[in-house]
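Letters A, B and C mark the chains as written, and numbering starts fresh at 1 in each.
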Amino acid sequence: MRYILKKIASTLITLLVVSVVLFMSFQLISGDPATRMLGTSATPERLEALRAELGLDKPLIIQYLSWLQAFVRGDLGTSYVYKQSVAGLLATKVPVTLWLAGISFVLMCALALPAGVYTAKHAGSPTDRVLMVANQVIMAIPPFFSGILISWLFGMVLRLFSPGGFVSYERSFWGFVGYLVFPAIAIALPRAAQVAKLLRGSILEEAGKNYTRTAYSRGNTTSGVLYGHVLKNAFLPVLTFLGMSLANMLAGSLVVERVFGIPGISTTLLSSIGNRDYPVVLAIVMWIAVVIIVINLIVDILYRVLDPRIAEEG
Amino acid sequence: MKDLVARMRARIKQLPHPNLFCAGALITAAIVLMVVVGLFYMPYGPTVMSPDRMQGISLQHLMGTDKMGRDVLSRVMYGSRITLLVALGTMIIGAGTGVLVGAITGYYGGIADEIVMRVMDVLFAFPNVLLALIFVSLFGSGTFKVMWALGISFIPSFARVVRSEYIRCKHLDYIKNARLQGVGNLRVIFVHILPNVSGVLLSNLLIGFNNAVLAEAALSFLGIGSQPPFASLGQMIAEAQAIFFRVPSAVLGPGFVVVLIVLGFSLMGEGIRGTSEGLE
Amino acid sequence: MRNKTLRLGLLSLALALVTSFALVGCGKGGSTNAGGDTSTIIVGTTQDIDSMDPATAESAATREILFNVYDGLVKPDTEGNLQPAVASDWTISPDGSVYSFTLREGVKFHDGTDVTAEDVKYSIERYRDSKTGGSLVSAFEAVDHVDIVDDTHVDVVLSEPNTDFLAYFMIGITPAHVDDLDANPVGCGPYRYVSRSPLENVVLEKFDDYWDPEGAAHIQNVIFKITTNTDSIGMELSGGSIDLFYRLPETQLDQVSNDFTIYEGTMNLVQALYLNNSVKPFDDVRVRQALAYAIDPQQIMDYVSGGKGVPVGSSMYPAFEKYFMPELSDTYAQNLDKARELLAEAGYKDGFTFTIQVSSAHPQHIETCEVIKEQLAAIGVTANIQEIEWNSWLSDVYTGRNFEATVVGLDASALNAPSMLSRFTSTAGNNFINFSSSAYDDTYAKAYAATDEAEKTELYKQCEQILADECASVYIQDLPSFVALNKRFTGYEFYPLYAQNIATIRPAE
């Protein structure tokens, strides 16, 4: 319990550091938001008034603190380009990425875990060899390339979906989910290959350990040993990677959202960077940082629950 | 010469998976050969346009021509050069700085270490492409800026590995002895400990190189990086989507080259490390 | 115990996989209208809209959409003639200083209120006072005041008389009681605004109380879908997620399946290599001319659009039949020796290097840049191409004038000569190339003030001649326009300006 509290505290400090760095760098780079909002033809008086209104005439540290205060309250500022609240803008984009990440994650696990267990169990068999080579190849395919091929195969040849025909969940929930399955394949495939490989290696390593041999000698069947003892321990190293994958998926897949025309947070981030709409960029990057840090925290805690041995070291 | 070949062969045979290594080396050699040949000879200039727009595969154009009549093969040769150069530069910047940061924080420890590593932890968790994109938004776009952006985004992964190695090594007896004998800290860091880390570093370099290739391809697919008319592989694929049905080879050609680059390096890495090791 | 949990876990994962594929089976992913549904049309557009308020909408892509939402006092037809709209009739005083409008009765705004003389006065005065507005709005600075004569008659009095001013009244009439049109767009056009999602879409629906039964919409719902990936449009059309796309690049014609009718026209814009006349070396007319001699528009058209397109030699496109001077495109027939000579005279014997900034949302402009780069290399001039986001282009290049050169297409915001020519007067707020010529300013002022039609036309043509002679920019072409419309629909009409009138489109059967 003390450990968890300590971990949470350090997480909060990390977030704070990240926010300071981000805030300062965007402030330094983006120049004067007032000029950006009013255009270059605005009068000096109007600029001055807006600066005062936005609090830009105050020292940077005060600006940061008031931004932080607003951020904690959930007020992310106003987009320069869309002139609406950033929170309102993101409220429509985040669910899209959440769903895409969720479907990708489920797909990834569904593909990788059986494949990993199977190849470990039948290590050295022809199926194992074929699958391991396929794994290597799949890992080498960049998601945008597989995305194009998936669009073509499932969209144009098999006609299972219409490329670019994203519909928002408000209009049609099943159309929304049905569409996201295909980009999810592009996201899940290379990671599934990695997980499968990792799991296989981990199981084989565990299987070589003493306690496993003991279990065999007691007359346990192969499956029994595999599921009962090995898998639990073998799963630990995979857990970190699963956590990292989920965090990456929640951070949004830039290329896959582009290939499939999905208006998620990556698309918003990309266009906001282009538009130099820094309140939006800052909010999205902070969101990603929060997601990543929280998931790392959860993985850490899960680790402790599953494997009490670590507690002694930390 | 003969001796060298024999020794190399012996070394390769000692690897956990000599076959995988050889397959990877062959693929990589083919790609490198293509890039090297491209330095001296290309079928056509990579930016030379012709009225033969959007032609399919023919003897004149082995990968067809793009929407402005440029030879896709020549552009692939040129684009692979950009992709490999950026990946290489990324590794030099990322690994170089990462080793430095990891070595110093790992060796000295303390509050500075704590702060730097907290930031590194967060940066490490961000996907490389995303991190590079944020840096690009601060620096601006262009081939070299992308190289810097990617380089910086790769620092944390090296810093973390090197740091933990240094923490492990600094408690080893012979290091303690060296320090007791009054060897300077810098000398201990770079002369005594660094060689110990090189094995771990090598396998991380191979993985990192692959990730750099994939990240560069993704960024250039998004239109960030080299500016037209020059294109690295990702941009070529993005543009060729527009003529995918008419000239599939304009998408598939550069696409397969990316796959082969990554596959070659990852197979070599597999061969050296053996499958049972974790990936990252 | 553990054993069971793990098995259960694996089983549930397998189940998840199966269900997620089953989902695809029943709820076919994404939106397709392939079933023959003609109540909704999905229109693709490659740029996010910049504003729903006609006063601040800048890009043509936005105004194309707004054309369906806002009706003005007058409205253009497909020939380019102005037809009555909110105004049923009008008279113009002989000197062009007073425009008297008779308002049509029974015109309603989308919120159900009537369009009143007050609203008309409010709208025009708002456009006049809006300093940060688009190119169309700056024309309203010429309005002195608006008089409400009675409930159905409004007089607009100009401070500088202009017989050509009528076309500006195409701009939307908006209700005086709505404050923020960007957030809450209310007009009186054939379609009403429903919703907008940034980077995703703009949704419109048929306005049932539209004043004109003949011009009323046929299709109930219109979704303008924002497709930032311009390279995948062919696939999206064929895959059924877009029904209408009106800026299809020639290269993607082959990608489109037989389910589509292709209409061919021109984009009604002047594509040029616009040069910032106030930065070195483009402040020297010889340098500008050298570039013009080195660049061959025909070759650009060959490489970018398979030879389609109409060459232009000044800031006027062919749809302006009255003003367009085809002969001007011969002013600088490609002549590399001449180009080198001019460069040497200007002191750039060994050439120079400059940067062309181009919007990443416009593949044709980027491709044009690539051809230009090759052509300029022949005279030792190095052009670096820099792709930037459309919004950055608007703020840096167009508004900020912080650029050396750019390739873009300029269109007319109204169907009159000033909308193509006024921007090149040295004091114009939208003179983003900083062109400055006293001869041009004088001629333009004379043309603007002239009341005799023939004389006016002649003077405007002189303006075009000056732009060509001074080589304000390297004029290239009016781009070809390919419109792909799903065969479930018919009735697409080309307009000689930015309008995309969705109301003319109807189900095919």
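Note that a residue touches a chain if its C-beta (ideal position, glycine included) is under 8 Å from a C-beta of that chain, and two chains touch if they have at least 3 such contacts.
Everything quoted here is computed from the prediction, not taken from an experiment.
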Looking at B-C and A-C, which one has the bigger number of contacting C-beta pairs?
A-C
Longest centre-to-centre distance from chain A, chain (CA-based)
C
When the centre of a chain is set as the mean of its C-alpha atoms, what distance in Å lies between chain A and chain B?
22
I'd like to verify one number: the distance from the centre of chain B to the centre of chain C, where each centre is the average of its C-alpha atoms, in whole angstrom.
43
Counting in whole Å, what is the centre-to-centre distance of chain A and chain C, each centre being its mean C-alpha position?
38
Provide the list of chain A residues touching at least two other chains, using ranges where the numbers run on.
152, 258, 276
Residues of chain B touching 2+ other chains?
238, 241, 244
Would you mind listing the residues of chain C that make contact with two or more other chains?
229, 232, 235, 360
Interface with chain C, chain B side, in the complex: residues 47-49, 51, 53-54, 67-69, 141, 223, 227-229, 238-246
Given the complex, residues on chain A that touch chain C span 36, 38-42, 81-84, 89, 92-93, 103, 106-107, 109-111, 113-114, 117, 151-152, 155-156, 160-168, 171-172, 174-175, 177-182, 184, 224, 227-228, 231-232, 258-259, 261, 263, 267-268, 271, 274-276
Okay, in this complex, where on chain C does chain B touch?
229-235, 249, 251-252, 254-255, 302-304, 306, 360, 363, 366-367, 369-371, 373-374, 384-387
Within their complex, state which residues of chain A touch chain B.
10, 13-14, 17-18, 21, 25, 29, 132, 136-137, 139-145, 148, 152, 194, 197-198, 200-202, 204-205, 237, 241, 244, 247-248, 251-252, 254-255, 258, 266, 269-270, 273, 276, 281, 285, 288-289, 292-293, 296
Quick check: in the complex, which residue numbers of chain C touch chain A?
2-3, 6-7, 10, 13-14, 16-17, 20-21, 23-24, 26-32, 34, 48, 50, 131-132, 182-183, 197-200, 226-229, 232, 235-236, 238-242, 360, 388-389, 391-392, 395, 399-400, 429
